[in-house]
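Can you keep this structure in mind? I'll have questions shortly.
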Amino acid sequence: MGVIVVTGIPGVGKTTVMQKAAEGMDISFVTFGSVMIDIAKELKLVKDRDEMRKLSLEQQKQLQIKTAGKVGKMKNVIVDTHCTVKTPKGYMPGLPEWVLKELQPTAIVIVEADPQEIYNRRAKDTTRDRDPDTVEKIMEHQMMNRAAAMSYATLTGATVKIVYNHDNALDVAVKEAEPVIQ
Amino acid sequence: MGVIVVTGIPGVGKTTVMQKAAEGMDISFVTFGSVMIDIAKELKLVKDRDEMRKLSLEQQKQLQIKTAGKVGKMKNVIVDTHCTVKTPKGYMPGLPEWVLKELQPTAIVIVEADPQEIYNRRAKDTTRDRDPDTVEKIMEHQMMNRAAAMSYATLTGATVKIVYNHDNALDVAVKEAEPVIQ
Amino acid sequence: MGVIVVTGIPGVGKTTVMQKAAEGMDISFVTFGSVMIDIAKELKLVKDRDEMRKLSLEQQKQLQIKTAGKVGKMKNVIVDTHCTVKTPKGYMPGLPEWVLKELQPTAIVIVEADPQEIYNRRAKDTTRDRDPDTVEKIMEHQMMNRAAAMSYATLTGATVKIVYNHDNALDVAVKEAEPVIQ
């Protein structure tokens, strides 16, 4: 098994699904963003996570490349990251070409749920303080992620697996995810 | 602010939205196609816009690259172009890889509206002489543009912002577009 | 006319549509997968189609490149292949970057039908032994193919033509496909 990327918008439960699917297997989990912060700290570019946003676009790009290079060399690893990140300037690709060329994933998992389910899960999460996305915007985000994932697949040959994590049906989601890590 | 691309299918009102969003700011507007014709004239390849279609595919590609190179060097510029162009042979990408590599946009705006709204606006436009697209075809075109935009984003790292320009709600559209040019 | 790629999910009738559209014209048809097997046999890598799946990923990639190189040099050719292949690990891109760079298609045709129509056609096909996809999964597959095709278009400049092959309306489909091969 090579590098597997798992993605999904906030509230979809991607980490739960993949960790359960990988239970008992010799597989590591890393979060792309956390590895990137660690590297930035090692390079004395930042002291903590909050300082990351002060880096220039070019510095961020170089850090992304270093991170992808490091993670891409790991074996049997599931990388937790974003297909696209929703920002005020639009959907930002989580795996632009320069990341893909280093990471070379063999599969990209998109964990999805019904937009209404995601809306409800987010509404219950009291740690979220932002204006909530409407159901329509959640649908849009999931659609853009699918398009992004197929573009990532074109550049790498990775397969794109869509896994539905519906309410009260985690077992179904886990079963859908299992073939990807076998 | 770098190079921002604004796209949207005919009848969606992309130019109006972006010009209003940029009001009072030091931002230039250029139309990709017009810059390309100017360059073609300078190079004595054509005398007018009508002759552009007589150029070979390779000549057009070289002109696209020159145009993207020129526009890509501008600062604070909004480039008006097509995400995809609908032709009898299918949807043609407005920003193929060779254009993107020179243009290096930092954001791609897709102005959208409900397919029925676009249909109605086109029906009122008496300068349009082609067979009208059905509502379903308009929906299809907007969907293909989203997919194309995420592919452009993958190659450049640009964000993709979807702005809805609904009837009688230009102010909402302008407000959605503003963060992209700040 | 250069290299035209025709795609469509099983049960959509892509080959029928394109062969009828090309009737009486000097156009060759090749199936990407068949050319690949022929090359693998010539190179003594396999004895038959069944052995193809035993090849390593790297061997398969090299064979894809050789196949694309061979087909890409043909003139007036329609290449029958998959936009994406549905596998237990997810949707696998049929035309990853390394294939596109050699194949350089000028147009990609996606033959589609209503998911329910495809479901019914597959149900009638007694040679199919797999678990049938649901109507929702068929819809998903067609959507992923559109996204993949626009990504292929971005890398090559190819147009993407969507042709609907509805029940009892083959003539309409053929008429939609004709401009692509003219």
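Things to note:
In order of appearance the chains are A, B and C, and numbering begins at 1 in each one.
As a convention for this text, a residue touches a chain if its C-beta (ideal position, glycine included) is under 8 Å from a C-beta of that chain, and two chains touch if they have at least 3 such contacts.
All of these numbers come straight from a predicted model, not from anything done at the bench.
Chain copies chain A and chain C are related through a rotation whose angle, from the C-alpha fit, is 120° to the nearest 5. Under half of the residue numbers found at the chain B and chain C interface occur in both copies, marking it as a different-residue contact.
Our note on geometry: chain B versus chain C, Cα centroid distance of 30 Å, whole angstroms.
Each of the following residues of chain B touches two or more other chains: 147, 150-151, 154-155. Residues 57, 61, 84, 87-93, 95-98, 100, 140, 143-144, 147-148, 150-152, 154-155 of chain A are the ones that touch chain B when the two sit in their complex. Chain A makes touch with chain C in their complex at residues 106-109, 146-147, 149-151, 153-162, 179-180.
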